[in-house]
Structure formats: structure tokens, C-alpha cells
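Consider the two complexes below, in which chain A is the common component and chain B and chain C are the respective partners.
On to the complex of A and B.
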């Protein structure tokens, strides 16, 4: 593998110190003089008709400047796939977080008090709280178009014939819960009119250009009148992929001419923000006597709640990955995206893959057990390798590290000690076990068009400013891009400055999601760098008269390979400026894609990331408490740009995976969320985060920037099934539902007669 | 959410001043120590908005001292200090263990034992150990001093034997003797920083015959107040101890508790957890005595 000066080294992130000492300004840290506070009145009911909205009392409340309703929104439906979401509700409310009115007041107190004075008359409607009842179609409808937002069926081969010839068939129904992002910083932002008269929104988000487009469309504003800036955000995980406060802020500033601020309380954020889709997955999986997987029949129902959001794409990712990283010749997938009044589901790290991976990885484990095969061995007999054809008859041309990951897992001391660990009982009620799971997910947005632009400016003192619209949501992309840029432009890392995510100053680098911003921006940067180097060499030729083919760049200089003459980047900048050649270069990269297979939007991807995980658990059979004692993660994410950031990303994702697996239980009863704060919705504490070992499986992705691919999501995906498989190993009980909360597991153990201490 | 920026806060520097303010203001003020429960309750409107008597800077209420046959703990003593006190670790270990699980490091640093007692959550982790350690609460007012045994301090859900002019200033616990052993048990829904679904403290006195001469068991989060498990205590005292007798005794706890369903668990689950937790506790105590096991 090629060695680089910067790439591959665990260099402290450029933003680390500022974040550690509290200098970084996050969206909630912005204030201005003469600023108004925005407060949203949200629905009282999960499902109700709005009969009337009377804002007169609220308007009279001291300190109130304006109250807005749907009447103030020129185009009151938006959405990335289907425009089904109102900015402010008009005909109906469809979940308890639905916004009904917006108050702008001089203080947050006045705004909140006034919101409570708005008199909304509702006619409660039957609550659609169950996907199965929702699809029957004879009950209440969340939207006029019906409760099935999208449905599709994908088949290859003949599953029925394969079932007839199978040695073993396993069939189970799995349920997965609604995970809440629980980012450190809740949704926040500030809006104002900038020096050029543009309505400027400084807010949380994952895509400045897309947010801008939605603001312009809903408020009927011309593109040039709106500017969106996304500073470093206090966590997103997909939860800031959809619009939250942005349109509200723009509306207040548009109508009042004054700056406006919003910053949601934890409770409001938890109730209103998007969540991970609850899933109901039935899988029938067959194998021959050697453990070769023959067929997989899957039915997936995703509960998208009140609106589609990114649901159609989430459904695609669930479909695409429900067969795991395996070659299965016969598949049959029925999939539905269903509206309910439970919440509003959209993007969440893993984007449909954690749900289905829990199912398929439990299935494969069950088959191994029936056949008496080692769980890693059966996986190795079925995994895809580079050049293979996948389940959709698509050739897998990108790098594939899953076999390597599983081979390394098989030799890991934790796996080798598996049976000894199981036999060790330091208390009669403690059971220990070790489980494994594999995972796959495409990075990039598959067969959907996706391109991005990165700009480079050479400063007169010979430094580079990289301009891009990637958003720094904690993942470290900005620092990683700087590291790549220093190698591509052959200079010291300190001479790279990043300017990110301001629609008035940085080009559109597309949304920061799908684990692919490094891939996308990195490739665009490569093109921009090539362009920039050409300019530097042109300057060298002008200065020295030597031909361009003699020159190359090296550590801040253009150097002649024949004469050894050199020109510093700052001298080159001066020449480019004088000759009017310009000191800027742009690179555009369009992610390669195929045409989608019929019945899908974006399947297949050309590029996949993979991982294996081993979990060691301790189960208290008298309480149902699962303690994850150790997690080993073996992600294949291509070339590692910064080992420190890479490990951080994987460990953070895995901790979130532990939350998904055993803790995070969003209790929704008849459309009402009962766990609205962090005392009842339990995310892992430091004591719940186990020892973790991250072993990168470094493959080289030829199309990636310096061989890199994506890493943001893969760490979470194998955790829940690895934990579930470890629980099975420990107790003999297979859990079919996550989160595996203590009460839930205790009941399962009791039903199975497995809760007697001995 | 209620705002608290406009309420009055009295911040006396001495106990004497504090008692004088309490005499004068009585019910019109609410005492605040660490504020880890009170502020949230006032913001959420669970507790009425009142002016505050902030006793947090009265350092004379922060101490852990050996008394004649008790340990005296100043009401403002933080759980961090209790958990790390050698005196408490040596003579009232179950209280130190409870203090250690009460919440995050930040909560442990800020929250006080007096606050935990007066907040009177049925799930408070410090209370069951204090029940079995026969704690006495010292209540002071301008009028004088009252000493109230912990069990009579709690008269029902958040109903306390304390007058509006009185301040809880000290908690006294008995020292555990050589022939005594005990354990604190907590069942929460995550490993760190969780509110208890059930918690329990066990204190036993061994006789010379490998039986319990005396047993005290208290449980939290399973009734409107912390409760003693008298049925279990009775079933264990002086009896032969083996796996089946401790199961039977633990099972009797359902007679002593009255749990409810809430967001953390069903009543049924709490009943079963009470039994199982007591079994675990008894097993640990007996196993320690008899390392060979049985």
C-alpha cells in the first residue's frame, strides 16, 4: 500500500482543540442584537382534524411580535421524495410533534407563553398506531393517498423451488424499535439579513444547498435571496438530514426583518425530531447441508409515521441489504413503507440496514446451529468476494473486505475462547456468551444521481483554502479532507485551511450522508487538486521557461526534475495573479452508478462497506440485564485516512449500536411518546460502553480518494445481531426483538425456562 | 416549562441564619441544597414555584464524623464524599455502595444526602441502607432539636415528619458490628446512571451457628415509600439457610410491597425483580460466609 506524508497518520483533528476548550461555535451558540425568539406550538393529538386556529390572544401577549400559521406559507408541502409534509399544519395534525403555529417574540419566555395562548380547536381522529391495521385500509387514513406510502417486490431466482430442495429452513419474525438520535446539541439556529440583503440561516443541518432549496420553495423566495450556513453541528446521525428549524427561522426574518433564534428543548427535540424506522421483518431462509445459502424470502414493513421523509430510500437500503453480505441465488423481497401516527421516521445512521441486518444475521446464526456449523465458517462459505455477482445479479467491482474481516475474527482470541467463556459461571445467575455478526451497506446514494464540487484557492502567501459544503457533524470529515488535501497538493498540513458549508462562499458538495462525504468530496478534491497543480506548473514554466513536463510539486514547491530549479507556491500565486490565470481551481465529481433495477429507486450501489463484529456478553438471568463486556469491530472501510478519527467513528457507532441493541426503547403508546427525555429514554452511559477493539480491514478502493471509502455508518450495523447471537450462545434463547431490554429478555428467558440459577 | 429566573433566593452563610429565615418564611420558601431534583421539579411544574432557601454554602453541614456508637453525616455531605469516606466504607459499607450508584459523577458531586432524604423519592438509592442501619434524622429549628427514626420520618408518598421551620441537618447511622454483614443491590435499566427499578439493602447478624440472629431488609421503588420486608426477615431469622429456604424467604417479599406500572417497568416485573434481587443478595452474603458454597 502506498505511503503518504499525511494520510494514514493519527494526526489530532484540526478542530479538536477548539472543541475541547469550548471555542467552537455551534448553531446554538449564535446570538445577535435585536434578536427574536421563535417557538413552535406543536400538536396535542397524534391524529386530529384542525377546525380552527385562533392566534388573537397570543398576538396580544406582551413581547410578541408575530404569530404565523399555515396561511403564511406560500407552498405548504415539502419533502425530498414526496411533498407530504406541511411547514405548519393546515388540514390535520399527524403526530404529536407536528407544528401548528409559530410565535416570534422578544424573549423565549414570551414566545413560549404566547404559544400556549394559541387556541387550536381539534377534532380528534382515530389514531393509526399499528402498521398492520394501517395497511388493511378500512380504518383511518393518515394521508388521503392511503396508508401505504410505497410498496415493491423484488425477486430473483425461485425461492419456492429452493425451499423444496433445502436441508434446513429457518423462519422468524423480527421487530426493531424506533431509535432516537439523542444528539448532544438539539436543533438550533439563527437567521438574519446579511450585508447583501440575503436571508441568512446559520443552523444545524447536513446539506446547506438542499436546506436552501426547501426554504426557497416553501417560502417562494428566489435562490439569490437566501443563504444557508452550517457551522460545526453538535451531532446529527441522520437526524438533521430533514428540515427542522430552518424554514421557521427564515419565515420570521422574512416577515419581521429581524434576526431570529430557535433552540429546541430536549423534550421538544425528542418529540418532534425524526426517528429510526420501526421495522417488522419476516424472513424464511434456506440452506443446503453444507451451509450454502439457497434462498431468502423476506417481508419488510417499515413504519414511516406521519411523513415519508427519506423513508422511500430507507426502504431501498433495507431491501438491498436484507440478504446480508452473502451470495444467495434465490431471493424474494416484499417491502412496504407505511404511514402511521406514531412519530416521524427518516434517516438514522445505517438507514434501514441495522433493522434487516439484525434479521438476516440472526437467521444465518440459527442455520449454523441447526447444521452444527461454526457461525463464522458458515458466513465465510457464503460471503461475496470482489468480482462476484450479488443477489441482484450485480457485479461487485468495488473493494470487498468481508472475508478478510471474518477470517481475522475467527482467529481473534475472544472467538477462540468462546466455549471456555460460555462455561465460566462466576455466579449461578450469570451466563456468558460470544456472538458474531457480519454487516454490509452501500455507501454513496446508489443508483440515484449524486455529484459534488470542491474548490481550492491558492492564497498569495502560498497556502490553500479548500472550499466545500461538507458539514462537520462531529464525524471529522473536515479534518480528513485537510489531510488528503495536504498530500494531494504536496504541502504541510498547517498550510491547508477549510471553508465549509456556506452557500454564498462554498460550492455544492451535496448532502453529508450515506457515509460518503469523504468519498465524494475527496474525489472532487482530487480533480480540483490536479487542476491546481496544473496551474502551479504553468506558473513555474512562465517563471523559468522550462517545459511543464519537467516539473512536479513537492512540499510547497514546484520543482524541475531535470534542472532542480524550484518555485515556491507563494511565488507561483503571485505569477498566477499577475498573468490573470487565477488562483482558484474547481473539481467536480459525479459518483459512478448503475441504472436501478425495476421496482427500486437506488439499488444496487456500486460501492459497499463491510464489517464483522464479535460481542462478549454477560446475561443476568434473574434480571434480564445484558452487559456487553467487549466488542471487537472489524470494519472494511478502504484506506484509513486518519486512524484516530476512524477508530472514533467506529467506536461511537458501536456504542450507539449497543443502545440500539439493549437500551434505547422509545415507548410509543397510541401515538404518544412516553420517553421524552434522557432520564426515561436511556442511551448508553460510560459504564454501558464496553472495552472496544477496532481492527481496520484495509482494502484499497480504486475509485476512492487515495483508496478510501466510507465509514460513518458501518460500525453500528453488526452490533445488535452480534449481541443477540451472543445472548443466544449464553442462554440458549434467541431474541427476535430489539432493543433487548431487561424486562423483555427476562420474559423470554422465563418462557423458555432458562431463568433458574445453577 | 417554568422559568425560575425571577424567584428570590436566600443564601445564608450559617446554620443559625438559615434557621431564622425558615422560622420567618416557613412554607413560603423551599430549601435547596444541590438542586439536582428540585430544579427539575420546579421547571416541570411538579413542585410549585417558590422562593428558595439556598443552604449549599453552609459548610458546617458537610462532615462525616465518628460518634459514640454512630456515624454522623452532615446533611449537605455529597455522595462523592460518602462513597469515598473510609469511615463509611469501614462501618457502613452498604451506604457507601449505594452512594456510588446514585447517579453520574456530576450528580454525585452535587447532590447531598439530606436532599435525597427530603426529596423522598421511593426509588432513592440512599434510603434503603439508612433503613437497615437504623438511621436517625436530626431536625433543627429555632425552637430546638428533634431526632426522628427514619421509618417514622416517612408517612406516605412524599409525606414527611418535618415542620416548615425545621431543617434536616444530620443523619446518624449505626456502625456495623463484626458479626454483621450487608449488601446494597440496585436493579436499573442500564449499567450506569439509572433510576432504580428496584433497589434493596440487606443487613444480617450472624449467630455462631451459621444462621441469622437478626435480618433487616428494605426495598425501594416498590411502594409509596421505602419499605421493610418484614415477611422475609421473619422467614430468615434463626432458620436453616440453603438455596431452597432463601428462595422461599425471598418470595415472601411480595407480601411487603405494592409496586405500580410505570415507564420503567410493570408492577409484575417489579415484584419478580424484588424476589430475585433478594435471592441474589442473600446468596452473596451466605456465599461470602461459606466460600465453599452449597
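On to the complex of A and C.
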């Protein structure tokens, strides 16, 4: 593998020091003189008709400047796939987080008090609190179009014939719970009118250009009147992909001319923000006597709640990955996206893959057990390799590291000690086990069109400013891009400055999601760098009279390969300026894609990320409590740009996977979320997080920037099935539902007669 | 709301605010003084993002009302860095890659500072115990534990 000066080194992130000393301004940290505070009144009911909204008392409340309702929204429906979401509810409310009115007041207290004075009369409607009721139930409709937002069926080969010829068939129904993002910074932002008269929204988000588009469309504002800035965000994980406070802020400033601030309370954030889709997955999987997978018949139902959000795409990702990283010749997938009044589900790291991977990886383990095969061996006999055709008859041309990951897992000491660990009993009521799982997910947005632009400005003192609209949501993309830029432009890392995510200053680099900003922005940066280097060399030719083909760039200089003459970047900048050539370069990159197969939006992807995970668990059979002792993660990493950021991403994703697997239980009863804060919805604390070991499987993605590929989501995907398989290894009990809470596991252990200490 | 003057020492300097005495220290730091290094993750004592030092001990500023702060010494993450030079704890968090989104980090750094002041050579269990009230959603805590160990090492030099 080629070596670079900056790429591949564990350099501390450029933005870390400012964050450590409290200098970084997050969306919630902005204040302005004369600003108003915005407060949303949200629905009292999961499902109700709005009969009337009376804001007169609220308007008279001291300190209140304005109260807004749906009447103030010119285009009151928005959404990325289907415009089904109101900015402020008009005819109905569809979940308890639904916004009904917006108050702008001089203080947060006045705004909150006034919101409580708004008199909304509702007529409660039957609550659609279950996907099966939604589809077959009493006819209560969440939306007029019916409760099935999307359904599709994808088949290849003939599953029935394969089932007839199979040695072993395993059929199970799996359920996975809603997961709450629980980013530490709740939704927040500030709006004001900037020096050019633009309504400027500084807020959380994952895509400044898309947020701007939705603000302009709903409020009927021309594009040039709105500016969106996304500063470093206090965590997102997909939960800030959809609009939260942005349109409200723009509305207040538009109508009052004053700056406005919003910062949701933890409870309001938890109730109103998007969640991971609850899933119901039935799978019938067949294999021959050698463990070769023959067929997989899958039915997936995702509960998207009140609105679609990114649900249609989440459903696609669930469909695309429900066969795991395996070659299975016969598949039949029925999939539905269903409206309910439970919540509002949309993007969350993994985006449909964690749900289906839990199912398929439990299935494969069960088949291995029936056939008496080693769980890693059976996976290796079926995994896709580079150049193979996938389940959708798509040629897998990107880098594929799953076989290597599983081979490494097989030699890992934790796996080698598997049976010894199981036999070891420190206490009569503790059982130990070790489980494995593989995972796959496409990065990029598959067959959907996707392109991004990155700009480079050469400053007069010879430094570079990289301009892009990637959003720094914690993942470290900004620092990684800087590292790549320093190598591509051949300069010291300290001479790279990043300007990110301001629609008035940075070009559209598309949304920060789908584990692909590094890939997308990195490739656009490569093109911009090539342009920039051409300009630098042009300056050199002007200065020296030497032909361009003699020159190359090296550590801050353009150097002649024949005469050794050189020109510093700052001198080059001066020449470019004088000659009117310009000191800016842009690169546009369009992500390669195929045409979608019939019945899908974006299947297949051209690029996939993979991982294997080994989990070591301890189960207390008297309480059902699972302690994950150790987690080994083997992600297919492409070229690692920064090993420190890379392992941090994987560890963090895996910790969310632990939460998903055993801890995070979003309790929703008849459409009412009961776990609305961090003392009832428990995310892993430092005491819950297991020991983790990350072993990168370095492959080279030829199309990626310097060989890099996506990694943001893959760490979470194999964790829940690896934990479930470890619990099976420890106790003999297979759990078909996540989170595997103590109550659930205890019940299963008891049913199986496995809760006697000995 | 009735207001009164509250005087206290903030990052070494005497300050005076005119606020309702039931205002929390967190509200005063952020909404009144706009000293935003101290973060608000839940306003409820669950997440630890708002941790500051009160007379050297780690407290949740969201659960500390101004009446309790009168005459006492408050240190926030901005006050740790003396003369622009970051504290050894801050440096350790940066160097170990313990900072991703970083919103929880000021709280972790203050809790770590309090731990190291009380116990300059904590065991791994001591570290976990001291930081159990601080939540991080990005890192999985591996590098945070590394950061504390590194800070212990560096401070001992």
C-alpha cells in the first residue's frame, strides 16, 4: 500500500482542542442581543382531529411577541420522499411530538408559559399503535392515503423449489425495538437577518442545502433570501437528518425581524425527534448439508410512525441487506413501510440494516447449529467475495473484506477460547458464551443520484482553505478531509483550513449521511486538488518560462524536475492573482451508481462496507441481566485515513449497538412514549461499555479517495446479533427480540428451564 | 420573578449577577453570562454534560441553584486553561482521540479534574466510578478511559 505523509497517521483531530477548552460554538451556544425564544406546543394526543386552536390568551401573556399556527405556513406539507409532514399541524395530530403552535417570546419562561395558554380543542381518534392493526385493523387511518406508506416485493430464483431440496430450514419471527438517538446536544439553533438581509439559520442539521430547500419551500421564500449554517453539532447519528427547529426559527425571524433562539429540552427532544424503526421480520432460511445457503424468504414490516421521513429509503436498506453478506441464489422479500401513531421514525445509524442483520445472523447461527458446523465456517462458505454476483445478480466490484474479517475472527484468541469460556463458571448462576456475527451495508445512496462539490482557495500567504458543506456531527470528517487535503496538495497539515457548511460560502457537498461523506467529499476534493495543482503549475510556468510537464508540487512548492527551480505556493498565489487566473478551484464528484432494480428506489449499491464482530457475554440466569464483557470488531476499513478517528468511530457505533442489543428500551404504550429522559431511557454509561478491540481489515477501495471507504455505520450493525448468538452459546436460549432486556431474557430462560443455578 | 444579587468567584474572578435565586448555575453560566463551554444535555442531573467545579468538587450545575453558589468558587472548562495553556486533562483528551462531537467533553474533563485532585493515582475502578454520571454517545468510552489514564500519567511527571 502506498504511504502518505499525513494519511494513515493517528493525528489528533484539528477540532479537538477547541472542544476541550470550551471554545467551540455548537448550535445551542449561540445568543444574540434582542433575541426571542421559540417554544413549540406539541400534541396532547397520539392521534386526534384538531377542532380549533385559540391563541388569544397566549398572545396577551407578558413577553409574548407572536404566536404562529398552520395558518402562517404557506406550504404546510414537506418531506423528502413524500410530502406528508406538516410544519404546524392543521387537520390532525399524528403523534405526541407533533407540533401544533409556535410561540416567540422575550424569555424562555414566557414562551413556555404562553404555550400552555394556547387552547387547542381536539377530538381524539382511535390510536393506531401497532403495524398489524394499521394494516388489517378497524380502519383508523393515520393518513388519508392509507396506512401502508410503501410496499414492495423482490424475488430472484425460486425459494419454494429450494426449500423442497434443502437439508435444513429455519424459520423465525424477529422483533426489534425503537431506538432513540440520545445525542448529548438536543435540537437547537439561532436565526437572524445577516448583513445581506438574508434570513440566516445557524442550527443543528446534516445537510445545509437540503434544510435550506425545505425552509424555502414551506415558507415560500426565494433561495437567495435564506442562508443555513451548520456549526459543529453535538451528535446526530441520523437523528438530525430530518428538519427539527430550522423552519420554526426561520418563521420567527421572517415574521418578527428579530433574532430567535430555540433549544429543546431533553424531554421535548426525546418525544419529538425521529427514532429507529421498530421492525417485524419473519425469515425462512434454507441450507444444504454442507451449510451452503440455498434460499431466504423474508417478510419485513417497518413501523415508520406518523410520517415517512426517510422511511422509504430505510426500507430499501433493510431489503438490500436482509440476506447478510452472503450469496444466496433464491430470495423472496416482501416489505412494507407502515404508518402508525407510535412516534416518527426516520434515519438512525445503520438505517434499516441493524434490524435485518439481527434476523439473518441469528438464522445463520441456528442453521450452523443444526448442521453441527462452526459458526464462522458456515459464514465463510457463503460470504460474497470481490467479483462475485450478489443476491440481486449485481456484480460486487468494490472492495470486499468480509472473508478476511471472518478469517481473522476465527484466529482471535477470544474465539479460540470459546468453549473453555462457556465451561467456566465463576458463580452457579452465571453463564458465559461467545458469539459471532457478520454485517454488510451499502455506503453512498445506492442507485439514487448523488453528487457533491468541494472548493479550494489558495490564500495569498500560500495556505489552502477547503470549502465544503459536509457537516461535522462528531464523526471527524472535517479533520479527515484536512488530512487528505494536505497529502493531495502536498503541504503541511497546519496550512489547511476547513470552512464547512454555510450555504453562503461553501458549495453543496450533499447530505452528510450513509457513511459516505469521506468518500464523496474526498473524491470531490481530489478533483479540486487536481485543478488547483494545474493552477499552481501554470503560475510556475509564468514565473520561470519552464513547461508545465517539467513541474510537480512538493511540500509547499512547485518544483521543476529538470532544473530544480522552485516557486512557493505564496508566490504562486501572487502570480495567479496578478494574472487574473484566480486562486480558487472546484471539484465535482458524482457517485457512480447503477439503475435500481424494479420495485426498489436505490438497490443495488455499488459500494458496500462489511464487518465481523465477536461478543463475549455473561448472563445472570436468575435475573436475565446480560453483561457484555468484551467486543471484538473487525470492520472492512478500506484505507484508514486516521487510525485514531477510525477506531473511535467504530467503538462509538459498537457502544450504540450494545445499547440496542441489551439496554435501550423505548417504551411506547398506546402511542405514548414513556421513556422520555435519560433516567428512563438508558444509554450505555462508562460502566456498561465493554472492553473493545478494533481490528481494521485494510482493503483498498480503488474508487475511494486514496483508497478510503465508508465506515460510519458499520460498527453498530453486527453487535446485536453477535450478542444474541453469544447468549445462545451461553444459555442454549435463542432470543428473537431486541433489546434483550432482563425481563425478556428471564422469561425465555424460564420457559426453557434454563434458570436453575448449578 | 423576584431577583437578587449573587456574588461568586468564577474562574478566578469575582462576578455579580442579578437573578432569581432559584436560577440554576447552568442557566446563569449559559443564558446570563453566555459562558457556553459548560453544556446543557438534560437539565436534570442525568447526563453530566454541565459538570463544573464548586470549591474544587464536581457538581451538576443544572442541579445547583444560585443560592448555593453565593460566595463560593466556580471553575468551568474555560477556567481550566491557565494563560491559554490547556490543562493536562484537556490535553490528554485531545491526544487520545477521546473527543468526537465533544458536547459531553467539558463535563467529562471537569469530572476528571475533580477526580485527579482528590485522588492523583486512581485505579481503573476509581475512574469508572468517578465518570459513571457522565454520558457520552459518540465514543463508547474506550478513549475516554485512555485519556484519564494519560492525564494521570502526565500529571504525575
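The rule we apply is simple: the second predicted complex is superposed on the first by the 756 of 758 C-alpha atoms of A that agree within 3 Å, B and C clash if a C-alpha of one lies under 4 Å from a C-alpha of the other, contacts with A are read in each partner's own complex, and residues count from 1 in each chain.
Going forward, contacts are C-beta pairs under 8 Å (C-beta built on N, C-alpha and C of every residue); 3 or more make two chains touch, one makes a residue touch a chain.
On a predicted model such as this, the values are computed, not experimentally measured, just so you know.
Undergrad: After lining up the shared chain so the two structures overlap, which partner does A:645 touch, if you call chain B first and chain C second: first, second, both or neither?
TA: Only chain C is touched by A:645; chain B is not.
Undergrad: In the superposed model, which partner reaches more residues of chain A, chain B or chain C?
TA: The partner that reaches more residues of chain A in the superposed model: C.
Undergrad: Examine A:167 and indicate which partner it touches, taking first as chain B and second as chain C; both and neither are also allowed.
TA: neither
Undergrad: Counting only touches as set out at the top, which of chain B and chain C does A:687 meet: first, second, both, neither?
TA: Both: A:687 reaches chain B and chain C.
Undergrad: Return first, second, both or neither, reflecting whether A:19 touches chain B, chain C, both chains, or no partner chain.
TA: Touch partner of A:19: chain C, not chain B.
Undergrad: May I ask you to decide whether A:223 touches chain B, chain C, both, or neither, giving the answer as first, second, both or neither?
TA: The answer is neither, since A:223 touches no partner chain.
Undergrad: Return first, second, both or neither, reflecting whether A:112 touches chain B, chain C, both chains, or no partner chain.
TA: The answer is first: A:112 touches chain B but not chain C.
Undergrad: Under the stated touch criterion, which partner chain does A:72 make contact with: chain B (first), chain C (second), both, or neither?
TA: Neither chain B nor chain C is touched by A:72.
Undergrad: In the overlay, answer first, second, both or neither for which of chain B and chain C A:654 touches.
TA: In the superposition, A:654 contacts chain C only.
Undergrad: Does the superposition put A:374 against chain B (first), chain C (second), both, or neither?
TA: A:374 sits against neither chain B nor chain C.
Undergrad: Shared contact residues on chain A for chain B and chain C?
TA: Comparing the two interfaces on chain A, one with chain B and one with chain C, the shared residues are 109, 265, 679, 684-687.
Undergrad: So in the complex, which bits of chain A are touching chain C?
TA: Residue list for chain A touching chain C: 10, 12-13, 15-17, 19-26, 28-29, 31, 108-109, 181-186, 232-237, 263, 265-266, 473-476, 644-645, 647-649, 651-656, 677-679, 683-687, 689, 692.
Undergrad: What does chain B use to touch chain A in their complex?
TA: It is residues 1, 3, 104, 187, 189-195, 197, 263-266, 269, 272-273, 276-277, 279-280, 283 of chain B that touch chain A.
Undergrad: Of all residues in chain A, which touch chain B in the complex?
TA: For this pair, the touching residues of chain A are 109, 112, 265, 267, 427-429, 622-623, 625, 627, 663, 667, 674-675, 679-680, 682, 684-688, 741-743, 746, 757.
Undergrad: Any idea which chain C residues touch chain A in the complex?
TA: Those residues of chain C that touch chain A are 1, 30-31, 34, 36-44, 46-47, 49, 76-78, 80-81, 86, 90-91, 93-106, 109, 128, 131-145.
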